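Take a look at the structure below.
When the chains are written out, they are named A, B, C, D, E and F in that same order, and each has its own residue count from 1.
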Amino acid sequence: MKTDRMNWFQWSSPQAFYPLAGKLIPWFACVSMVCLAAGLYMGFLVAPTDFQQGDSYRIIFVHVPAAWMSMFLYVVMAGWAAVGLGLKARPSFMMAQAIAPTGALFTFLALFTGAFWGKPTWGAWWVWDARLTSELILLFQYAGVMLLHASIDDLRRADRASAVLALVGVVNVPIIYFSVRWWNTLHQGASISVTAAPKMAATMLAAMGIMALGFWMYSAAVTLLRVRCIILERERHASWVQIERVS
Amino acid sequence: MMQGGLAGAVFGLIQRDLLLTWRRRADIATTLLFFVIVATLFPLGVGPEPAVLRTIAPGVLWIAALLSCFLSLGRLFATDYQDGTLEQMLLTPHPLAALVLGKIAAHWLVSGLPVVVLSPLIGLQFGLSGGAIAILTFSLLLGTPTLSLVGSIGAALTLGIRGGNLLSALLVLPLFIPVLIFGAGAVASSESGMGAEGHLSLLGACVVLAIPFAPWATAAALRIAVE
Amino acid sequence: MQWNSLNEFLAMGGYGVYVWPSFGVTALCMIWEVLILRRRHAAARTALNQSVASAGVAL
Amino acid sequence: MLDIHDLSCHRGDRKLFGQVSVSVPVGRLLSIEGSNGSGKTTLLRAICGLTPPDQGTIRWHGRSITEQRETFTSGLIYIGHRIGLKDDLTPMENIQAAMQMSGHPVTTALARAALEAIGVEPVCYRLPTRVLSEGQQRRVALARLWCSDQPLWVLDEPFTALDARSSQLLRERLQRQVERGGIVVAATHQAIGLDPSTVQQLRLGE
Amino acid sequence: MMQGGLAGAVFGLIQRDLLLTWRRRADIATTLLFFVIVATLFPLGVGPEPAVLRTIAPGVLWIAALLSCFLSLGRLFATDYQDGTLEQMLLTPHPLAALVLGKIAAHWLVSGLPVVVLSPLIGLQFGLSGGAIAILTFSLLLGTPTLSLVGSIGAALTLGIRGGNLLSALLVLPLFIPVLIFGAGAVASSESGMGAEGHLSLLGACVVLAIPFAPWATAAALRIAVE
Amino acid sequence: MLDIHDLSCHRGDRKLFGQVSVSVPVGRLLSIEGSNGSGKTTLLRAICGLTPPDQGTIRWHGRSITEQRETFTSGLIYIGHRIGLKDDLTPMENIQAAMQMSGHPVTTALARAALEAIGVEPVCYRLPTRVLSEGQQRRVALARLWCSDQPLWVLDEPFTALDARSSQLLRERLQRQVERGGIVVAATHQAIGLDPSTVQQLRLGE
């Protein structure tokens, strides 16, 4: 690869972004694997059994990081969308597009693990609780962004339309979050609600934090990998791709 | 694959409609998500008490299915009408009703069937028991074809005529009501231990009645619209 | 270490049926995502190299 | 042999034309002329059986078209102002779907040959028709004329939006159709430019 | 009446849209009828116990309002897009967002307002008390403009997309959820004696937020669609 | 004075045109020619500012059109393949609504005069545009050209579906526009037939 062909300072071009992403991926992947291994070790072998919930609480080590990532990634996606709309920079749109599936995946995982936690704790797979409902709506919002992008076949238009949607959606996220809470608390007494986490042992907290860090690094790696695919698929006809025979 | 004759034309039409949908496969996902979202609106509007939700669940699911069918009916003939394909359909040597049946079948495959497949999951969210979920799904399987069939009459009537709009809504929505009553009723009566056979066989009767009659009425409406 | 045997570990105090699917599905999803992405990347690369080859660009 | 006998049509309160009688033997092109709104489109649709006329009959080979809908439509191609293409399908799929529906299924090779004949560029074959230019879309619709051998073609302003080269290709195709014993009925605002001995004219609205 | 400038253009647009709707007045009837029928489907699907019906009434009415608003949103820009009027709107010297606001106002007048006017009747059918009906109607009056405003974003984003109707539902319904919660919540909490002020002022806040923001986002989406 | 400098556009994977530069002084008609799909429509839309070009600038009286959107659009009439009529409104209502929206409201009398000028028959005034014939609809859309005095007209195949008489009326109107110092940019497949000294040509796709 000849570096003199590339303008290293022009970060807003896919041409520069592609190799940069390639260089970063291994680092994120390594950190993520180390964190996940350490987190699992602490979560299963070091952290003690919870006196109330027994060992079912161990779901927390995937559930909470997944839930956090699902919300965090939406904000990051909207951020890239805003940058893309503001600066008309193609890589920003590509980043937004690359984040959405991972965000949706974590949303799904939060819902799934939550349901598998709810069954032993509440005796039901699903209740219409504030947090659960707002997470479900977050899944719809991810789906909306992805489907809108998939439904428009002019890429430039698809990018910008789904960026507008992502931005509008991010305004909606806090509104949903709070409105659903008020809805629930105002409407009925606490027949069922997520009990606040019992005071957790320090090891539990640490394990959860490390797992969260691992998920975070994983998201970064996967997003960059996806953005590399997107760049290749889209820039197929650009001369730089052909000349450099990307690796 | 080349195939002549009526069967070829009808299957060709189904194939074309399915191909069109496949081009826009996001459509299927959209139908599904619409169904899920409408179902989700109800707990949000009505409140989260599990007992209330369980009571209204069959009605809610049926109404959500009905609405998502209704919404996708809008595009059953509208684009064919606008771009002139409908005129071409009338100028084929095949009976129009058969072609219409093909289009309806394609419509059900992409809008009715996915709803049926997803309904157990939503049933679970509303806290329905396993038996109720099974009956609900079966009633949707039996009932949604009727919705597509009967709805196509309305879609055809709304094509050309001014003010025919109102007429067709008046005609079609009441026709949906029996399907809704039998469908939701099947679940309710099985829950209360009365057995769902009666309701289900009525649903079956509806679809058996609709299959010969609806395409014929739709074809008549289409001829009027194009003229 | 609080587990006396592998069976006890797998049983998770009776909650194994809930804990293991949660972790399992999470792991599967994450691994699956990485795998399809690598496949996609490889496919994009071969498609590209083919189009370059057919365009006759000398490299 | 297409026989139009004593045809009248009205639209709303307005009588468009009355007592139109014309008979077109095989191997002829009937060119329908008239100013905008004189009823050309209405007449063409009546000939196809889409709009029932107020009075008069249309006969195809001696029998009224309403009595032999199947035979008549299976020998007919109608291309109107609205060209009947699906936006989301590619040109190839559009042609195949249209031909199959009209009872004359064609192979991919034949469809491709037809598209080539009217000059649709190969780069367009894999695009959805929606993104094609106006003239390219009309070409795709017209490609049906190269696909099969229906004896009667009814064309409403077939030269709209075509550039000079495609117009010439279409003209040649029409000439071939009348030469091999087909009938063409076309509405236009310009002279069609076929061999005058094969063209018959009908002016509406005078 | 001739009137120049931005105000003239906006009012001209409102006037044109109202005129168009008047020409197709059957459409208003359809919206209303849809509202009524969705509301009536409920007792049919859920069963006739008055207590259950009274509990779910606010939610059901709000959902029916939301869906019928949504149903008519499909037409908001679609015909303008198809016949080229939208291009013409972009080529006027006026800010697009202002024109969009005009169109939204016209949309609310023909789809939101009739629903508000009709809702007391339906509330009565569900056995709601006078006070609850008053609050329900007021909450609809406050909330339906937000639906039109926010819905226009979805309508604009899905222009020119096949199956855009359902897709726009998917995009828009999550955005409707806060309105639904506050609207239905207002009635419920006033019933339970907690007073509806809180919910109603939140509804007000929503519309105040949406008025400047939604037309802007819609205008951006329209520009993207036309390009 | 309309200045197009170094304009390029692509659609999908395809480069439609590149480095198009042309400058049109007042009192001229720029006729854009090219085969179907060569990018005429795309170029016209870029000139109006509807489609941002990949590169290049368009200047109106010396300033880029993106910097003076308001001034530019208030002096512009664009009539494209899709003519922007509402099916359910009458011709008169259509014109008045369109003109009011574009910031040049007209009286009923003026609108009627414009419709008369392009030859829309009085019987059509009270009909919804939907029932009019193809050519009549195009006439209604073109009537905007008689309504007011915008200096720049951008017309995409304005002669489509018009009969000989309306074509002549339109031609005269275009001639008048350039004579009084306006600019017309038009895409066509036929020669427009104006005084050659006022016509400039641009061929795409060679």
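Everything below uses one rule, namely that a residue touches a chain if its C-beta (ideal position, glycine included) is under 8 Å from a C-beta of that chain, and two chains touch if they have at least 3 such contacts.
Model, not experiment: these values are computed from the prediction.
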**Request:** Find out how few touching-chain steps suffice to connect chain A with chain C.
**Result:** 1
**Item:** Chain pair with the higher count of C-beta pairs in contact (A-B, B-D)
**Value:** B-D
**Asked** Can you give the rotation angle that fits chain D onto its twin chain F by Cα atoms, in degrees and rounded to the nearest 5?
**Response** 180
**Prompt:** Copies chain B and chain E touch; is their interface built from the same residue numbers (over half shared) or different ones?
**Reply:** same
**From chain F, the most remote chain by mean C-alpha position** = C
**Request:** Quick one: report the Å distance separating chain A from chain E, using the average Cα coordinate of each chain.
**Result:** 32
**Fill in**
Expressed in whole Å, how far the mean CA point of chain D lies from that of chain E is 45
**Asked** Just how far, in Å, is the C-alpha centre of chain F from the one of chain E?
**Response** 36
**Request:** Starting from the mean Cα coordinates of chain B and chain E, work out the distance between those two points in Å.
**Result:** 25
**Request:** Would you pick out the residues of chain A that each touch at least 2 other chains?
**Result:** 137, 140, 143, 147, 151, 154, 180, 183, 187
**Asked** Of all the residues in chain E, which ones touch at least 2 other chains?
**Response** 24, 82, 161-163, 167, 170, 173-174, 177, 181, 188, 227
**Fill in**
Each of the following residues of chain D touches two or more other chains, namely 81, 87-88, 128, 131
**Message:** If we count contacts the way the header does, which residues on chain D are in touch with chain B in the complex?
**Reply:** 48-52, 69-71, 73-74, 76, 78, 80-89, 93, 97-98, 100-107, 128
**Complete:** Counting only contacts in the complex, chain D reaches chain F at residues 11-12, 14, 34-38, 40-41, 81, 121, 123-124, 127, 131-136, 138-139, 157, 160-166, 189
**Asked** Where on chain A is chain E touching in the complex?
**Response** 85, 137, 140-141, 143-144, 147-148, 151-152, 156-157, 160-161, 164-165, 167-169, 171-172, 175-176, 179-180, 182-183, 186-187
**In the complex, chain E residues that touch chain F** = 2-5, 8-9, 12-13, 16, 19-20, 23-24, 79, 82-85, 87-94, 99, 226-227
**Request:** Provide the residue numbers of chain C that touch chain A in the complex, in ascending order.
**Result:** 1-3, 9, 12-15, 18-19, 21-23, 25-26, 29-30, 33-34, 37-38, 40-41, 44-45, 47-49, 51-52, 55, 57, 59
